[in-house]
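Okay, so subunit A shows up in both of these, paired with subunit B first and subunit C after.
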Partner chain A sequence: MSDDTIQILAKHISEKILKKPNRVIAPDAAIISSGLIDSFHLVDLAVFIEEKFNVRIDDSELTADTFDTLTQLAELIKERSH
Partner chain B sequence: MTLTTLALFTAAALLAGLWPAARGRRWFILAVSVLAVYALQPASAVRELDYWLPTASLALCALGWAVTRPASAALTREDGLAGLLAGGLALGVSALRYVGPSFYLTPTQPPALELAAVAVLAAAALGFGLTRAAGINKAMLWGLLVLILGLFIVLKTDILTQGVAALLRSLTGQAPNLARAADLRWLGFSYMAFRILATIRERQNGRLPAFSLGEYFTYVLFFPAFLSGPIDRPERFLKDAHAAPAPFADSLMEGGRRLALGLFKKFVLADTLALAALNETNALQVNGAGWMWLILYLYAFRIYFDFSGYTDLAIGLGRLMGFKLPENFNNPYLKPSLTLFWNSWHITLAQWIRSYVFNPFSRAMRSREKPMAAWLVILLGQIMVMGLIGLWHGITWNFLIWGLWHALGLFINSRWTEFWRERWDESSQPAWLQKGLTALSTFATFNYVALGWVWFALPEPGQSLRVLACLFGVNV
Partner chain C sequence: MTHVTETPERTALTMLFPRVEDDPVSYRRLALGAMGYARAYERSGIQPGEVVVLVLQHSLDLVYGFYGAILYGAIPSIMPFLTEKLLPERYQEEMRSLIAITGPAAMVTSPEFEGLVRGAVSAGDSVRAVILSNEAAPEMELVPALLGGLKRSPADIVLLQHSSGTTGLQKGVALSHQAVLNQLESYKRAIHLTEDDVLVSWLPLYHDMGLIAGFIMPILNRVPLVIMSPFDWVRAPYRLMQAVTKYRGTLTWLPNFAYNFCATKIRERDLEGVDLSSWRAVINCSEPMRWESHQLFAEKFSRYGLRPEALATCYAMAENVFAVTQGGIDGPVTVDEIDQKAFITRREAIPAAAPVETIKMLSAGRPVAQTKVQIVDEKTRHPLPERQIGEIALLSDCMLTGYYRRDDLTQKAFHKGWYLTGDLGYMVNGEVYVAGRKKDLIIVGGKNIYPQDLEMLANQVSGVHPGRAVAFGVFNADMGTEDVVIVAEADSEDPEERQKIADAIRLHVNRGSDVVLRDVQVVGPKWLIKTSSGKIARGANRDRYLKEFADA
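Right, the complex of A and B next:
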């Protein structure tokens, strides 16, 4: 489940946010603190997650403190989808 | 913060860190935080106001707690004790009136004890009443939110502050026509307000963890962070409050290192740079572009060392007591874009505004059936966020322009990145080119930020324009 989630998230980020379909995002690479995803795209990512996984990530949780890598994000989605 | 205050705070933090029992330590930190609110408040020309403003801070905290607590939670003995402690200390500070001027904790004579008692009892009764009604009435959360924002606007707008000061003067029998905005300097309000607002918003989202009254007071008034942040998140702060503290030797090393760094940055670097950094007076005296750039750069470093030095002091004091306050700066002047600059300058304020203003706005606009175009969301969002960050410093034209300067920069930054994303792959370029471009971007970002400081440092936008013209060799 987690691996699939990571795949889906990585694909969404590289295609829709970074507009570079070939870009590989390592599951443990920092995506927020590194500035790879800015604050606007972070909200877009949260909207995508809500639609795709039916998991809500609150506005005040969109920080590197809550999650900074795809692995952590996938964990969060897994925790909340139960 | 003076060196004496810092020495006292350090002594208190060391004592707290060494306190053998966690429970006693918590009460001690609460007591010091409450007393610090009175001790830090500067003198006011309005009689006894330097007692009433800190007392109002305590009352606002109590109200914040009362309306944000879960409706189902019962009042505990701990809550009662915390209320008694805070109220008792407020009365104690007033009672010093009878001991003698050299014992006043407030800068001027505190009011008579019976007057203080009426106020403390009224606040306690209101707080207690609200705990009965909280949860039934969501309007109360909104009510407090509007009250705090209203106070914020009054305190940050000179003309309104002056009006309120005149009103207060007429109540104390002083001449209202002598009222000045400076009469109503409510120390710590900006930070306190943002912490209370955070608890209100988290409560409205159903994400606020359960705070006891003592924990709520400590969160909002935590003495290391009371004066200039950082603005911790409620959930994170509570986690530290409950955690077993690290071994004292570790806290001492870590805390001591941060304190030493903060002292050096604030009292050596920032205070020395302040002697020649851009200000209203030397802006008039300097004419050459080169000299103007120099004093502008000095200002850029002064403000950074001053504020980040303060943050180091706060983090160091917190660390001595086992609290890991969030970082507020992360080498902001070494960032290759304005977006990254704002991820590393006054991080906790920027994060607060993102959490409670930008994110809800963007989410609403992007979740609509017909989502608003990305560029428009970014433009409006940045204007809102940076405008608010500017006005947070004071409701004046110069701070607003400074905020909008950054909003414009961030918007251009975002569009520029978006434009090149599909056309240019930096990772496939040779290393020397990547490094060169990063250095160039860092230089450009620093200078954009430095030019922004011209608006921030000088209260008159007209003077800022003259300085900007001078920087580019135009003397007007």
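Right, the complex of A and C next:
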């Protein structure tokens, strides 16, 4: 389940946010603190996660402190889907 | 000051913070808070006419510290605050260069930032005091002895405006009392500002749009101000709509990207109960304005009471204090549909219609009172006829006194008394259309970014040929603003190694400038195009990039 989540998130980020479908994002690579995703797109990611997984991420949580890698993000989604 | 004595209990501003109850600040409380800072400036031996730099988060302390400086007669300059991503050491370096050029007598910050600020101050520089926000408790009453600001003469400098980044911080726009008052007078008339208005803003206070339109103008004119932090807004853009609803907001200024951002990133459920019918003007300003962005915004929010005629435009710059022109207040914004090919190849704006390819240009409106605009030839500086694209020049009663302590830059900026904006545009029927930029400046979400700052950072990355990196902006229609791209030369042919260098550039630029790069391309030696004088040609390299990589 977690691997699928990571795949879905990676696909969304590379295709829709970065517009580079061939770009590979490793599960443990930093995506916020590395400068890959900016604050304009964090909201985008939160909206996507809510639509896809029915998990709400509050706007106060949209920082590298809450999640910075796909593994951490998938973990957060898993915790909240119960 | 008359507002404090005549209407002491009237609300001057309400600062919104997430999950905190709204706390309106009256004119009396604002004055006493500002007096607290004036007292702190006096205690630290600051003299009227000296510069104080405010390194404070979006907070009441920033508001009090700023007005305290003005009342006291010191010259405030707000330094853009450190963001989550920017390296503190890098921020400190920027602060050092700001201090070296601006020569402030004091730095004002909060206790958490004391170490950072003290680290930027060194023996022998101009800074005599680091004032902490917890040392500036509000006074109990007005203290006439601390009101040195009232004795300043109209030609004296009242404030400095800096944009962020190394280059921006070395170029402080110095504005006189008279210039600011003249601008406010003209701009009030242009937008028919009255005490019945309510201004809602999320803009940063270091930027002219946030500082003048979104902060000084309403407070000096008894127009209630509702203000939130840009950091909170970007994570929760719906808060702007909720604030307009709650406070019956009538006026808001936004950079173009915010129209796209609000239209596409706000969930319907966050708009429950939202009513935007009180908005009489939503004014697009500070980056190229797009007809398509207005359409998107109107489509999304007309359901929530937004009147399409509320969408307005403005052309502004710190060098004119704020507004140069204003459109869309006395009637809808004029749309000029022009031939795209003539626009690109002949630099002419010729009216056209389908089947030819056209661009719908949004008029920025007419010059505000006491401001004249001319379109001049970039080289000869002779005025150009209507519909010909040239450099926008302006002459007004509210221009900058100069770039603070930068006579070299000041001299270059003027020609026979006219300020040369570096922006390109054309005029029709007395209305101004902004059509691009002469300089290589990149504007992302209203924020000015100097490519040379980013290139310097890219050049520091190992593997990049020193001096062989170029930064430029590429318009992103979905976002309604520019994307920033870097192309750098490296010896390595190995795609994996190149990807590593690209990632390192991305990280280093982000931590060094807070700019997120949309794309980084690492290319082989001799890829970059140079000018005859050996400089890297940003425009030509941008064109080459678009041909080779745009769809990659």
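The rule is short, and it goes like this: the second predicted complex is superposed on the first by the 82 of 82 C-alpha atoms of A that agree within 3 Å, B and C clash if a C-alpha of one lies under 4 Å from a C-alpha of the other, contacts with A are read in each partner's own complex, and residues count from 1 in each chain.
FYI, contacts are C-beta pairs under 8 Å (C-beta built on N, C-alpha and C of every residue); 3 or more make two chains touch, one makes a residue touch a chain.
Bear in mind that the values here come from a model prediction, so they are computed numbers and not experimental data.
> Based on the superposed arrangement, let me know which partner A:63 touches: subunit B (first), subunit C (second), both, or neither?
both
> For A:8, decide between first (touching subunit B), second (touching subunit C), both and neither.
A:8: touches no partner chain.
> Going by the contact rule set out at the top, does A:76 touch subunit B (first), subunit C (second), both, or neither?
So A:76 meets neither subunit B nor subunit C here.
> Check the residue A:47 against both partner chains and state whether it touches subunit B (first), subunit C (second), both, or neither.
Both partners, subunit B and subunit C.
> By the touch definition at the top of the document, which applies to A:55: first (subunit B), second (subunit C), both, or neither?
neither
> Quick one: classify A:37 as touching subunit B (first), subunit C (second), both or neither.
second
> Would you please give the residues of subunit A that touch subunit B in one complex and also touch subunit C in the other complex?
Correct list for subunit A: 18, 20, 33, 35, 38-40, 42-44, 47, 50, 59-60, 62-63.
> Which stretch or stretches of subunit C touch subunit A in the complex?
18-19, 84-85, 231-232, 234-237, 257, 261, 265, 267, 445, 479, 503, 506-507, 509-511, 516-519, 552
> Residues of subunit A touching subunit B in their complex?
Answer in residue numbers: 18-20, 33, 35, 38-40, 42-44, 46-47, 50, 58-60, 62-63, 65.
> Touching subunit C in the complex: which residues of subunit A?
These residues of subunit A touch subunit C: 18, 20, 32-40, 42-44, 47, 50, 59-60, 62-64.
> Flag every residue of subunit B that touches subunit A in the complex, lowest number first.
Spelled out, the residues of subunit B in touch with subunit A are 198, 201-202, 205, 207, 233, 236, 326, 337, 339-340, 343, 351, 354-356, 358-360, 362-363, 366-367, 374, 377-378, 381, 414, 417, 421-422, 425.
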